[in-house]
């Protein structure tokens, strides 16, 4: 078992619901301070979005943030260098599109992730059928390979994903890209499905934008991922303080 | 033999070359005074253009004059009424397109021509093949039916036209519509052709715009028709005086 | 008079269809008309020529054009409606049929240049196209107003190597472009053929153009027969000069099919016209009480013509053809209906025929009838105009 | 690897053509891809379906399109050049073949709506057209920049009943329209089919679209055979995503014919690209050193795409296909040459292929060769742009 999963299983065993905020690397010069603020406010892990020119899975908010980050000159190399300066106790999980790693080289990518203190990766446009090279490379560098399960995923496929995912299983709350909708979606049903096949920690994400939604989602899962709502605060000019307040409110809601 | 031909043959027998100026009826309010001025300056007959909306055989100058005449409200009726006020000694010859007469009624048209003192008609878009009704109607009202012969007309057809035309035969100087070109064209060759078939007076027209051209044309024919060059003077605002000077200059040239 | 066998055969030797047709041109052009008539008759009876004409239309022109069953519209209207798809022919309308024939004839006559008139530019583009294919020089006369309204079609002709001459006389539209082309033809008959764009003008044009367009009707009759429809109850076509209508009617003239031509209300020579002589022919014309030709006014440039081909005048007079008119506002609606229901954006000209069918299904067109619409052209040329009109309405 | 029999058959079961292809989409879309693959395989093996597909393309789409011998150009170039006339297909390009197939499949799958991406609007108009014919709802995603550049095509789609959604993300052009269509598809896979416009995207799209376009090559091979050309020495087609090229290549993949694809110099995924993953597929892409996708820049909107279909990447890698690039300035010249010489105004996309032939006759193309140009579309959509360019040059 890779280290991320060991950590997250241990976390769950304490009865604590995991809170995983999402940041776009490089969106502002002080983005690493936002990460630290989130940790300070009670985040259990951090999702680090590596900006990609064509974020097919993302809604307008994260698209815009990725665009700003790229305009600011963010690359896989620069963001890894910045992460190396970060001293944080919680796991870091990369989230990006496959082309970033594919182009950089799979072996080289996973090596660099590991060297930068990143212990997991979510690659939403890489289904398991195409993932064998990636899984091999990530195994060599203790990078956990996290799969999403969607409301549309049929049972047999769910079983396969539940057995392959490492660290946790990402339960998509709804048939939508990031940042849409306001209810708590199908997350509970998806988590239920996954649990038929595996006892791996299961977090709900996609469209969780209020503490109330987070509470509902956490009540039927092992944790929640909060992305666009947080990124929006940063796009609006919010600083570390705002991030801390935002994350705290989610922390209180799910505890 | 209709009266026009009798008159024109008699004129020729005096050795005088015929000068036939062309006017667009109604182009200015005082157009009949222009006609009178031309007669005063030595015209032997007058061609009266009845304006038509679609003057296919005419160049830009006569088109423009016809357009102005129509805008001023000229109709077959108004121009005939105006001609009735005219006291002139020389023959008047109508020139217009077939639709004017066709629509007015052939019998009614030729009756009105006769009543207005018009003794001939040139209908350039009415070839003899389609002219039998018209020839019948015009015969009943002593309207001479004048055919054109073109440089492209083949000999057999020339013979037919020479035998059918009344009053005179209109030898087209060139393959063009009215008002173009500056040399004296093929008029001489056409006249020569016609004379093989008939001794009817033969006048050259189409593109005769200077006294020199008129002299050349008259030297190989029985007379000349001058249209666009004269109409242009009127379009330029010229009055009866200018007409008189213009026609006089042609008179002198061909005498 | 109503024996179907007598319709749409050759006119008499001077080009008359009943009381209409003939040859009313300046003497200078008479030899060219005779030459053309002789050349046409000779070529049209020469299998080598007609084979080439058919081959070029097949290989280059996109013939045969299909018959499309307009299923959804048929259901809505309670009739069986089919479309003959001239919009799929090269350059986007039936005009190509005629110009392929005439340019081949031009070459056969040893001439190296064609001139043509055009209104919206469809016939001009088609002529420039066929001329380019054969390396013939091409000059197109177009009313100045139209060169401005249809600047893109002017450019299209220029791309195809044609010279476009703006005509500044009269109303500066199609009618005047014809006058000007005739005037020009007088000056260059020696080496130049006048490629007239519809079943109008002096003999042999109305006959020749109809013959060159009759491929539409011949194909359609055969295609419908293969669908078990022999003959259809009705054929409907829009009528400007009348070439697409004449072409499709020719396939059904000697059958029980009702032949229906639809004019623009503002250019309705049958409905509002009377016999007269213009552009070399005797036909029905819109004119005032003194025989001055009136300007047509239609939303569609291709129907913006105050006359109609002489054979149509004859068909109307004899009752073999039926002619109705449709106003501008119904045309826009019809264009929208056909686009939405069948995925075909028709030319504004064609939309007149569509509008009449929409209006008359269940009335002049009995429910259950089989109806062939001649879809004479595509609407791409018109979408900018339609957009402006719909915007202005909003 | 170079046994011709191995080319252009079905990809492996996960949609790979050699090292390219596959399925790289969010998990939420995987079931839709499987469903589509199954439905396609089932339909494509059902004669009732393929019969209907062929019938609709014949009756509605204008197939078969002819082969035109480009006689005058052949003489000038010293080769025997033929054109497959996709410009004569309904809506003016090969795009109709694909959308007829996909909309029939949509109906068969019981879905009532299609979405599509479009660049210049050709695929959008074609999709709206095919959807209208079947009464399917249709939404088209189009980069905001393109909706402004191609306002008339937006209107055309609206006339056909489609809703056009301007995409404001990224470069606001085709690439982003694909992203947005994918995003939208995630939300409505239940009742909506994504009608992708080229041989790209996740499996089964590259294969399915190629199959639906292969009618071009199958027809062409047969038509050339009838002319005694079996097979031609070379087939040349422009390549944006690569659907017209794949369609025509498919008729000649298992012969000795050289298959030549021409990209825009500013969108040359083979010449300037490297392997990568975008829009659901692994293929050749223009990208920077960190794998960020670069924007393409071409005079022709249809080739303004940084990638290429995965099967082309495979054909390029294996050497079975040859790919070259042509710059903007040569394209305008080629459009003019074809218009002037043959009376066919090609689409700017197609003009890339023409330009390469003009450039390489007597070089890459040995004198005397028989060459088939896939004339993928007509230039009517482009004349306004070409006019501006030529004006600016003067």
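Should a chain be cited, it is by its letter among A, B, C and D, assigned in written order, with residues numbered from 1 in that chain.
What we mean here is this: a residue touches a chain if its C-beta (ideal position, glycine included) is under 8 Å from a C-beta of that chain, and two chains touch if they have at least 3 such contacts.
What you see is a predicted model; the values in this text were computed from it and never measured.
Listing every chain that touches subunit A and subunit C alike gives D.
Taking each chain's centre as the mean of its CA atoms, B is the chain most distant from subunit D.
Taking each chain's centre as the average of its CA atoms, subunit C and subunit D sit 35 Å apart. We define each chain's centre as the mean of its Cα atoms; on that basis subunit A and subunit B are separated by 97 Å. Counting partners per residue, subunit A has no residue that reaches two or more other chains.
In subunit C, no residue reaches two or more other chains under the touch definition.
If you draw each protein chain as a dot and join the dots that touch, you get a simple line with two loose ends. Across the assembly, chains come into contact as A-D, B-C, C-D.
Those residues of subunit D lying in contact with subunit A across their complex are 14, 22-32, 169-170, 175-176, 179, 182-183, 186-189, 274-280, 282, 285, 287, 289-293.
Touching subunit C in their complex are the following residues of subunit D: 58-60, 62, 65-69, 72, 85, 88-90, 92, 128-133, 135, 152, 155-156, 159-161, 335-336, 339-345, 380, 383-384, 386-387.
Looking at the complex, you find that subunit B touches subunit C at residues 52-60, 63-64, 67, 70, 75-77, 97-104, 124-127, 129-130, 147-154, 157, 161, 172, 175-177, 180.
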